[in-house]
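Each of the next two complexes has chain A plus one more chain, namely chain B in the first and chain C in the second.
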Partner chain A sequence: MKRNTMSYKVRQFLMFAGIPTVLFIGVIIIPFIYGLYLTFTSWDGVSKAKPFVGLSNYAAAFSDTAFWTAMGKTVLYSAISVVLVNVLAFLLAYLVTSGIKGQNFFRAGFFIPNLIGGIVLGYVWKFVFNRAFVTIGKSLHIGFMETSWLATPAGAIACLIIVSVWQYAGYMMLIYVAGFMSVPKSLIEASQIDGCTKSQATWKVIVPLMRASFVECLFLTITRCFMVYDVNLSLTKGEPFNSSVLAAMHVYNQAFTYKNYGVGQAEALILFIVCAVVGVLQVQIGRKGEVGA
Partner chain B sequence: MRRRTAAVMATILVATLGATPVLADELSVFNSKSEIEEQMEDMASDYSDENDVDMEVYYSQDTVAAHLSTKYASKDPYVLSMVDAKDIYSLGPDHALDLSDQPWVKDSSQIISIDGKVMGFPVCIEARGVIYNADAIKKITGEDFDPASVKTLDDFDALCQKLVDGGMEAPTGIMKEDWSLAAHYLQEVYEEREDPSAFIKGLHDGTVDLAKDEKFNSLMDTFDVLMKYNYAKDAPIAAERETTEQKLAEGEIAFMFGGNWDWSVINAYDYSENMGMMPVPQNTDDGSNEKLVGGGSKYFFIDNSVSEDLQKQAEDWLNWLVNTDDGKDFLVNTCALVPAFKTNTLDVSDPLGKSVKSYADDDKLIANYNYDPDDHYSVCGASMQKYLAGEIDRAELAKEVEAYWQGATLADPAVTGGAAAGTEAATEAE
Partner chain C sequence: MSENERAARNRKITKIIMWIVLLILFIMIVFPFIMVVINVFKTKADINSHPLALIGKHGFTTKNFPKAMKKMHFWRVFGNSLIITLSSTVLTLLLSAMCAFVLVRNKWKACTLLFTMMIASMVIPFQVLMVPLVSFYGGLLNVLNHRLTLILMHTGFSLSMATFLYHGAIHTNIPLELEEAALIDGCTRWQTFWKVVYPLLTPTTATVAIIDAMAFWNDYLLPSLVLTDKSLYTIPIATQVFYGTFSTDIGLILAALLMAMLPILILYVFLQKYIVAGVTSGAVKG
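Here is the complex of A and B:
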């Protein structure tokens, strides 16, 4: 059988990748293109008519101050969360690979928050912030804990960050743990024979060799933070006074609650582009000068 | 062996695909009243058994419009949907079946018709006002509480002060939810006047100076008093609805602005015997302090794209609800709703519903204004929350509400030239 012909290659491709390709086109590509089409209409989400309106939805999206406020808050929330998640995850990973007693137990323990869905997590923490903290604050007369943090705009964003860090740190820790484990013992020993102290070995040998883990973790946390919706919904629901509405929630409200489907879809596309650009840039920069182990 | 696997796979595939048409025979009902979720489900299973239909009730916590738009987007509409009045105006022209020929049409004043076609079947009557706990008041004043004695704000303020002096720490509670603040309270600013449509148009055109509007100031004066005696004055935005209603039910506070639907929350607690609803007290002589605001609430419409058989089943069920003893009993006694049809003369069981019914019977209901744009409750709700939290003053609140209406797309057919509401109205307004 000739293996160089086009038909052979096509058949090979279809045999191995046919079903995934169909699924991918069906559930990602087609909806994406359809969504793109909807951004050019003034559809309200329920009516049968989808009047074509050209680029006016994009104009509306760019002049929608609520959207850009939400976007700004998302950037702020993401920036702080990403840093905190990764610092904490790295420290946890360092801790549970340093050979302390019961480290497998700790690894599992730190990972568990990630197994709880965002919605449930939000409700659990809402109770903690609204009731538990306030009760403790009142009985011990700790000023800043006597009223719910969720009641102030800055507090609500801070609560979102705390919950996100708690949720993601365990997951990212696992990736860092894998990074730590993948560094060959021989290199560490060699550095120590050359006179490295323990911390020098960590910073000069292990961390540079783990660069791939950092790239991976940063990418995951950035994209997740930008797209966050579930925790936002169940923890703050945008309150107080719509001050904690993040980008994804605004897009949902715009499209479904306010029935401006076209504008919502256009804003979703802008959010997607921002996310994609940030993500790709970050990976590009991170990959540069990656050390192959 | 491989052939047999393939055969099994094919069978499963056919079975799954084949299952869809079976589902299409289901009389699906969307219920958007969380307080009657269980009752509806129980009723559906009984009704299905007795009438040989497959009735299934669904519930969603989402905003009604949001939930239905996802159902319509996936071309899987409910046969019967329970929605808010404004949704009938936006969904009806495209999706609702014309029910003009139904026998119940003549028996209610709350039916919604669009372009002469009956599209919305009123589920019940609901009204807004101040809920009071008469037992809690009597405990301190020693006299039976007569709601008519606190018609004016001055009297109301004096009574609250008396309660405080008598040992009630804080006599009022305020729900911080945006729908309560904007869609229910602020809404009365539009409704308690001769021509709400003209007022809304004035706001939209920028010809109304809200900060100088008499009704706005009158209602906000009352709101200030409610805020003054609010038990959660220090952190009004952290007050949870359940906590507030529990305090009201148990008599820790005496007043809260709300509606008769709040009974479903109140009756979960150890509630006081004598409770009821009264008009929002105001220093006015326009009569609005003697009336509740409300009318038909929650409407059923039948989808016009499902099979005729299902449409017939849905019509039968609506008739069952209005015209049979079982149906009437279900609405009034099982669900504790105030009936919107005069054929249903059963006594309302809950105290708040009783108040509403007596105001309705005396023709003392100010009609709902049903044409708010969909983002009104959220955007203006945020402004009201800011006011409640003391972040902005009344002038700034008026500015924000004006700014909202000036940028809003009106959906009121009286303003947009009689278009059928929904998208057509929206495009015309632009």
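Here is the complex of A and C:
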């Protein structure tokens, strides 16, 4: 068999990777490039004509105050959610690896929110915030719970944070659990022989060795929070008075509701770049001090 | 009391405190689900007046379910979700494994280029691609509103990650000697892959199947953009029909939400170990 001829290589490649390549290019590469092209046109989504407008879409995006308000809220929402998710996830992981009775049951239970899509979760929580919490508040006369939190702008963002923390904590917990498990038992024993207390062993030995888990969880939570859409749509729909529209929803509305495809796509790219820069910076900083076992 | 006894008692107390903290957190996690389950069997009036009561004043009712099923066309949307999830998952599994195989075993330029592009593309969020995707396939080619379009798009979006996972598995777990032996015995590359390599990749296949099937089943944004025809709706899209302009009947909504969650929760009861393991290994490698 001739293994080095060009035609053999082409046939082999097409046989195994032909369809995947077509799908990959068709679904990701073409839209990505076409998207770049769209940012230089003012297309309304209907007409055949796509007039070339140069950089004016980017200028419009940079002067779109609604977009930057949404970005600001997204950054705020993400910052709080990321911290809370990881603190809670780490606590959960610590508790379910401490050899407690029923820890596997708890692990499985905490993961349940991740099985269900954001749309359904958002609707479930909408019911909880609007009915259950209000009823609890009224019957116990807790002032701030007597009206639905979803009815005020600050409350709506807080609700989004609560749901995100609730949703992602179990997932990140699993990654931290894997991190806890990867620390060799011998090191912990050695530290205890050297006189470490249990908490010292946790903070001085286990946590530094789990740095990779922290970097990964932070990266996953940052990127997910920045791009959140499903929960935003079903839980608040941007209400009250468009105060809880986060960046991804703004992009969606800009393009599909107001038919400003060019501006919407330019804003999507800006959102992506901001998110990627934050994510990559975090990974760079996090990896710097990584220690090996 | 001796030093040892005191230490043992302290340990026991710590354990109990930790267990109580866990239990409280667990109740917080399942609270929304409990709320859905206790209210779904009540009448609309009871849900509005006593959402926290276990059983409403008007008693136990299952009437919400048939009504909700009718309104969201449950069996139709369930069927759509099932067809789309199964086809996309199977396609992803087969195509990405094949693709990874040729990428691992050959140093051709096309392979390096494709693999690099796939890795790089994994950072692109869907939100950056949705506008051009809709305008290209809807505006220019007019192929939206077909299940097949959605299936192929789902597959295309998940290929990179799946290929990456298979790539790692083939690279580390499949000895080259094994393939050479198969070739010497007269297998073609194609036969070697399907008869020797693919069966050995079962753990990765399970991981990819779990991650992707869950993602496809739960996905909302892409299906909502591709499928605008009501008869093609999937479950996540269909839950929206209850939030129309008319007054919302909360009992029906809860029944619909519960039915949307049940299939995956039932699967979780049986496949819990595999799902947790699959999601963890997928996340840690990705």
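General remarks:
Here is the rule we go by: the second predicted complex is superposed on the first by the 269 of 293 C-alpha atoms of A that agree within 3 Å, B and C clash if a C-alpha of one lies under 4 Å from a C-alpha of the other, contacts with A are read in each partner's own complex, and residues count from 1 in each chain.
Criterion: contacts are C-beta pairs under 8 Å (C-beta built on N, C-alpha and C of every residue); 3 or more make two chains touch, one makes a residue touch a chain.
The model shown is predicted, which means the values in this text are computed figures rather than measured ones.
Aligning the shared chain A places chain B and chain C in steric conflict. Of the two partner chains placed around the shared chain by superposition, chain C is the only one that A:19 touches, whereas chain B remains out of contact. When both complexes are overlaid on chain A, the residue A:239 reaches chain B alone and has no touch with chain C.
Once the two complexes are overlaid on the shared chain, A:185 sits clear of chain B and of chain C alike. By the touch criterion defined above, A:49 lies against chain B but remains apart from chain C after alignment on the C-alpha atoms of chain A. In the superposed model, A:98 makes contact with chain C only, not with chain B. In the superposition on chain A, contact of A:216 is made with chain C only, not with chain B. Using the contact criterion defined above for the overlaid structures, shared-chain residue A:170 touches chain C, although it does not reach chain B. Looking at the superposed arrangement, the partner reaching more residues of chain A, out of chain B and chain C, is C.
Of the two partner chains, chain C is the only one that A:108 touches; chain B does not reach it. Of the candidate stretches 7-15, 133-141, 151-159 or 277-285 in chain C, only 133-141 runs into chain B once the two complexes are overlaid on chain A.
On chain A, the surface patch touched by chain B in one complex and by chain C in the other comprises residues 45, 252, 256, 261. Chain B meets chain A in the complex at residues 62-63, 65-66, 68-70, 72-73, 90-91, 94-95, 176, 178, 234-235, 237-238, 240, 373-375, 378-379, 381-383, 385-386, 389, 391, 422-423, 426-427. Partner chain C is touched in their complex by these residues of chain A: 9, 12-13, 15-17, 19-21, 23-24, 26-32, 34-35, 38, 43, 45, 88, 92, 95-96, 98, 100-102, 106-121, 123-125, 127-128, 131-132, 135-136, 139, 166, 169-171, 174-175, 177-178, 216, 220, 223, 227, 229-230, 233-234, 248, 251-252, 255-256, 261, 264-265, 268-269, 271-272, 275-276, 279. In the complex of the two chains, the chain C residues touching chain A come out as 15, 18-19, 21-22, 25-26, 28-33, 35-36, 39, 47-48, 50-52, 95-96, 98-99, 101-103, 106, 108, 110-111, 114, 117-118, 121, 123-136, 139, 152-153, 155-157, 159-160, 163, 189-190, 193, 214, 217-221, 225, 236, 239-240, 243, 250, 253-254, 257, 260-261, 264-265, 268, 272, 275-276, 279-280, 283-284. By the touch rule above, chain A contacts chain B in their complex via residues 42, 44-49, 51, 130, 134, 147-148, 150-152, 238-243, 252-253, 256-259, 261.
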